[in-house]
Amino acid sequence: MKVTQRVRRILAHYESDNPGTKANLARILMQGKLAGTGKLVILPVDQGFEHGPARSFAPNPAAYDPHYHFQLAVDAGLSAYAAPLGMIEAGADAFAGAIPTILKVNSANSLSTNKDQAVHGSVKDALRLGCAAIGFTIYPGSEDQYEMMEEIRALAEEAKSSGLAVVMWSYPRGGKLTREGETAIDVTAYAAHMACLLGAHIVKVKPPTAHLFDDNAKKTYESQKIPIATLADRIRHVVQSCFDGRRLVVFSGGEAKDLAGILGEVREIYAGGASGSIIGRNTFQRPRDEALAMLDAIIQIYQGKAQAGARERELAAAK
Amino acid sequence: MKVTQRVRRILAHYESDNPGTKANLARILMQGKLAGTGKLVILPVDQGFEHGPARSFAPNPAAYDPHYHFQLAVDAGLSAYAAPLGMIEAGADAFAGAIPTILKVNSANSLSTNKDQAVHGSVKDALRLGCAAIGFTIYPGSEDQYEMMEEIRALAEEAKSSGLAVVMWSYPRGGKLTREGETAIDVTAYAAHMACLLGAHIVKVKPPTAHLFDDNAKKTYESQKIPIATLADRIRHVVQSCFDGRRLVVFSGGEAKDLAGILGEVREIYAGGASGSIIGRNTFQRPRDEALAMLDAIIQIYQGKAQAGARERELAAAK
Amino acid sequence: MKVTQRVRRILAHYESDNPGTKANLARILMQGKLAGTGKLVILPVDQGFEHGPARSFAPNPAAYDPHYHFQLAVDAGLSAYAAPLGMIEAGADAFAGAIPTILKVNSANSLSTNKDQAVHGSVKDALRLGCAAIGFTIYPGSEDQYEMMEEIRALAEEAKSSGLAVVMWSYPRGGKLTREGETAIDVTAYAAHMACLLGAHIVKVKPPTAHLFDDNAKKTYESQKIPIATLADRIRHVVQSCFDGRRLVVFSGGEAKDLAGILGEVREIYAGGASGSIIGRNTFQRPRDEALAMLDAIIQIYQGKAQAGARERELAAAK
Amino acid sequence: MKVTQRVRRILAHYESDNPGTKANLARILMQGKLAGTGKLVILPVDQGFEHGPARSFAPNPAAYDPHYHFQLAVDAGLSAYAAPLGMIEAGADAFAGAIPTILKVNSANSLSTNKDQAVHGSVKDALRLGCAAIGFTIYPGSEDQYEMMEEIRALAEEAKSSGLAVVMWSYPRGGKLTREGETAIDVTAYAAHMACLLGAHIVKVKPPTAHLFDDNAKKTYESQKIPIATLADRIRHVVQSCFDGRRLVVFSGGEAKDLAGILGEVREIYAGGASGSIIGRNTFQRPRDEALAMLDAIIQIYQGKAQAGARERELAAAK
Amino acid sequence: MKVTQRVRRILAHYESDNPGTKANLARILMQGKLAGTGKLVILPVDQGFEHGPARSFAPNPAAYDPHYHFQLAVDAGLSAYAAPLGMIEAGADAFAGAIPTILKVNSANSLSTNKDQAVHGSVKDALRLGCAAIGFTIYPGSEDQYEMMEEIRALAEEAKSSGLAVVMWSYPRGGKLTREGETAIDVTAYAAHMACLLGAHIVKVKPPTAHLFDDNAKKTYESQKIPIATLADRIRHVVQSCFDGRRLVVFSGGEAKDLAGILGEVREIYAGGASGSIIGRNTFQRPRDEALAMLDAIIQIYQGKAQAGARERELAAAK
């Protein structure tokens, strides 16, 4: 399939990157059912590391098998599949060339007592495994945030010079942040902006709430009348905070569990102008048929198809 | 001896590994009395580092001599012998080619005040000593867990590119873990899963108890009705947590001391579908004849021989 | 598009390669109109280096522009585009993600007095430019052949560890070889075999003649009654010489200049079981419309389509 | 434009630096409306990192776009543009050669609980992005100050050997420093002096107050009758503290928000003999026209033009 | 001065280069009297290396002083100054920032018995000396040509990753080339094309004669009716051979010695669409006033000024 004008315009925003990195971004943007639209849906499977295998896979035991996720991502027509080293190693040969992969190179686990992650993958790993990108989590606000930023600096420099893309999960936590503050709109926009400043090509954040955590920020949001009432408003603000749309930004599925809730959220995310969704747990914890149906519904929303619902047409029209 | 179909199927699971690493896994799987069965029994002798020489070897003073352990592993028809640098150096020439060795590259000692280990061996050491693999311990949950994971990341990358296999001892401890939690089934399955995610070829964990440590995990185990009543159930769950059986997982001997207890436990481990046992102290602290007899009994269990006992035939049949 | 079974069987032949290299082979085999068929047609544009710009591009001056070739390869639905550093640099960004590229890392020129080539590209170049493979020419028989083989050894080692594929142009010349000997069937099969032995993933040779250059070889060909009467016979022998079909082997267009001659030759190459064609001069020296029509006819032959001609159906049937 | 005698005299002060570093200093000093005067005005945009996107850019939403700042710096005829990695990456190609850039290689954020910064850029980044200098913040007084100084030591060593200049933001904070002490004249002069001692080519500090923080310093200031009554006096003292004027020292805009306040402060800074201003928030938070007008007024002050006001003519005359 | 649209279009041709390299190309293209026109005149002073000091500088003894050449290039408003290591070292500080410099990193001398050059400068040298580019000579056709190409490969890779530009002098000689063949149009176009293929940003060749050296090439030139009658025709053909104008190509002054001859040649070069001239001996061997007048006349030609014709007639008459 030829690279579309829309995708070429997106690639042009990555103006300091070498053609290798742009080609890998193109591979992601030209993959699956959303190929060429400039939108993307990524399947991330790092739940096992974060919460353990039972909490991740017991609801759908087929998901204990690493091949399950590769196959699901391929069959659902997704844009990319992201996972830690072992998961990629366990399927990279069987699925060579089938779907772009993102090597998640650091991870936390729920046994940890601090807000940090272990770096357990390398750029060399990503190259030998044929990955299109490395993925890295930062915890803005955490006591270890600066060390994490320094880790990704070195990894990103090597990745970029090797023609790989860099995806950053920016999850505020730790330090003075309250639980509510972690997903506050001011904090989320800030976290997304910092990922861009650190050189991310694709940013992943959580859908923000209307909460305002920081008092100084609150004054600005109120005095400047920044619209944050609806999720679509907030998404739009995050997109703007990602270099005014010059960087791809995708949103995780949040806490929603039922299908209507998920699709409603995705409609708002789409209406807000986000680049797409990254949706893990809500996917692989469902039976495969349900997961495929749900992903297809999500993809149709990002395709801007009529049947996706009245709500986002309104929102898109109002935009 | 030709590599059996069973072993070739196991090797095929290591799909991203180079033939050098697969050949070293094959050397272990085609060694000794269990050659070709897909099962393995490993002799580890890192007790001296962990608890000091007297506590380790005084019960059977012949074991002060490093050659003793090489010879025992060979005579018992085991699959591999694992030990720290000095122990391997002291016998690697005399036993060159006699048995696959695993260079344990980090160790703790009982004088330590923190939950960490010293990295005292290298991939270059493993190559010059003719080892088939490096071995490494991580302590999931410890304050130093992320640093340990970063150490094995670098070592594993080098080992794999040099055609060596990587064995990970995954022993939860430290941090918020209680003593009971260290061997809880949820924690053990999690620890085994993380070793797989970190890229281990062979995982070693302790036989788990039916205890559930983490409250969130507990909810999942109960709501999903994950069977954990018998040891065999729990082993099966750990095997599943190791990429649904795509990674070899072996179990240590636990706390049991008498022969019946050991064999009973091994029967459960076998019934649960584990890849084998790694059994140190219970071996070399016994007089040589007794040790050889015990190891032969264990091996017979893994060979699935009739005389191994009624219990595991039942369990195997029920599987 | 999902990786086809046919392509997966081909990838399985590259059994010691890491998933990165296989993914890059898959990118080539899943590109363009021949995607998934296991056949490939590559556009190589190193003529400018070998014979100078006027001899290469004057017949079709649009071809002086490097973008012309990228666009032609994309529009014709080819499998890959191969060229030296400067040509790739001049279009790699505009065509990022549009077609797999092969960085030709060495070249000769017609001013040279010896049978050698300059290495003018690197694996780092290939990575930053997003190439799927490096390409390298060896001159079996030349006084410099061993040095050339040593150069590709180092480059191939680095390429393979970085997840790139290696394409080798194996062109016998120099030393005691006569002009006629350069394309003799014994010499061509030998040259193709040596490229395989040197670790090539894809081999490029010229269509061999029925001439037998080496007296000792001649005895074998005659005593063993190796069929070399038709071009299809000879192609079949070369394919066999490439590890009995375990390596992809493509053939250049030879000296033929008129369309009927080219297509007739391609039909024989197809009938002989070759993996495909690599066709440069005959492509870009034609007006673009004619080139596209010719490439389409060639691709139809490799697609095994009925209209491709009676001759190769007969040959394929006889096979 | 030829390098002026004034600029050559300034460059001569950097007598141990190589011509590459001097050429980059010259690029900054020969750029824009102040070219050749020995004065400089720099646009820094690290506010987004320090305070988040909304607090930085909501007052003037066009400023969410990284290109906005490059264009503003060019159109206003400024000397250089300083920003963190992502901001430079997002415009370095579009504005290649348009204005000298300073890669700010470390940053703090307002979610942090400690007085440190993350190093998120490298000298290699600065070279590939065509920057004239790296910028680095130290926090004299902070618990992490020595580590920060050690970081800049390594970066500055590499930058200088690569022909780049080093700009240091020296912002006292943390440790025993009071809020008032952070901008006290003794502390500011001390901070500027330390940046010079650490090898900075250009020092940035805040306009100091007449407060004296340190009791021992206070005795000296009083006994030696160091004039610190007016801002111009204090600026003169800071300039003197920067190797008696052998190092360029620029002042940030402080807290002032209204135009009269800003220009009045700049007049004092100019009168005190400073090398120039570095003015971020006050610039890009204004509508573009107002920002351009303000910057033009500031530049006129540094050009010593008559219309810039009576006050600094008096001060300059008194000097 | 703002980067002009014309220059930005030229920079866009270097699509795989990083912003650092583009900024250095922009520095050259935005320097001196031709700033912004897309044309450039470079002063090269490597004559001393090539022919010795007396043959180079005795006609104008002021030229023994390295500062003389820097000053001449600045005063004449040239685009860049190119010289070997020592010459640059001797003036880089005094002229820091005054003019872009090109470090000529290899040189031959007339005492040599082979057609090769010594590599006597490095990318690190270029960075510490503040150069915008490295310069390198290749001798296509020489017995050592491939080694020279391999040297520039490594140097260019390092230069490009460090944000420097690469200028290649492509001078056919040696091997089977006749003296007349060295400047034959087919050989010159070939040499320019090879420099582009090797990754040069700026190519320097000699003005070609109408001679055709290679018999095969001759057939093409004749059958394709490539116009080569006038120098402008031939220049146009060389420009086309440089990726159809996507690479900057400049021409040396050739053998002409009198002013009318030089200017006449430059007019043809300009008429043929070349990017500019690189003119050494003819410059610095003249008295400074005459050199400045001549360079001004040349620059006026590249500025496309109507009066350029009359002006040099006067100068020539006055001489």
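For clarity, chains are labelled A, B, C, D and E in written order, and residue numbers in each chain start from 1.
Here is the rule we use: contacts are C-beta pairs under 8 Å (C-beta built on N, C-alpha and C of every residue); 3 or more make two chains touch, one makes a residue touch a chain.
As the structure is a computational prediction, the values presented were derived from the model and not from experiment.
Chains touching both chain B and chain E: A, C. Ranked by separation of Cα centres from chain A, the top chain is E. Over half of the residue numbers found at the chain A and chain C interface occur in both copies, marking it as a same-residue contact. Over half of the residue-numbered contact pairs of A-D are shared by just one pair in C-E, B-C or A-C, which is C-E. Across D-E and A-E, it is D-E that has more C-beta pairs touching.
Chain B maps onto chain C through a rotation of 180°, based on Cα atoms and reported in steps of 5.
Computed centre separation for the pair chain D/chain E is 40 angstrom, with centres defined by C-alpha atoms.
Look at where the CA atoms of chain B average out and do the same for chain D: the two points lie 59 Å apart. In this assembly, the C-alpha centroid of chain A lies 50 Å from the C-alpha centroid of chain E. Between chain A and chain B, the centres computed from C-alpha atoms are 37 Å apart.
Shown for chain D are the residues in touch with two or more other chains, namely 92-93, 124, 128-129. Taken together, the touching pairs give a contact graph of some other shape, not a line, ring, star or complete one. A list of each chain pair in contact follows: A-B, A-C, A-D, A-E, B-C, C-E, D-E. Those residues of chain A that touch chain B in the complex are listed here as 48-49, 51-55, 58-59, 61, 64-66, 84-94, 107, 109-114, 116-122, 124-125, 128-129. Of all residues in chain B, only 13-17, 140-141, 143, 145-147, 149-150, 152-154, 157, 161, 172, 175-177, 186-187, 189-190, 193-194, 196-200, 214, 216-217, 220-221, 224, 226, 237, 240-241, 243-244, 246-247 touch chain A in the complex they form. Contact residues of chain E toward chain D in the complex are 2-3, 7, 11, 18-27, 29-30, 74, 92-93, 95-98, 124, 127-131, 161-163.
Within the complex formed with chain A, the chain E residues making contact are 15-16, 18-19, 161.
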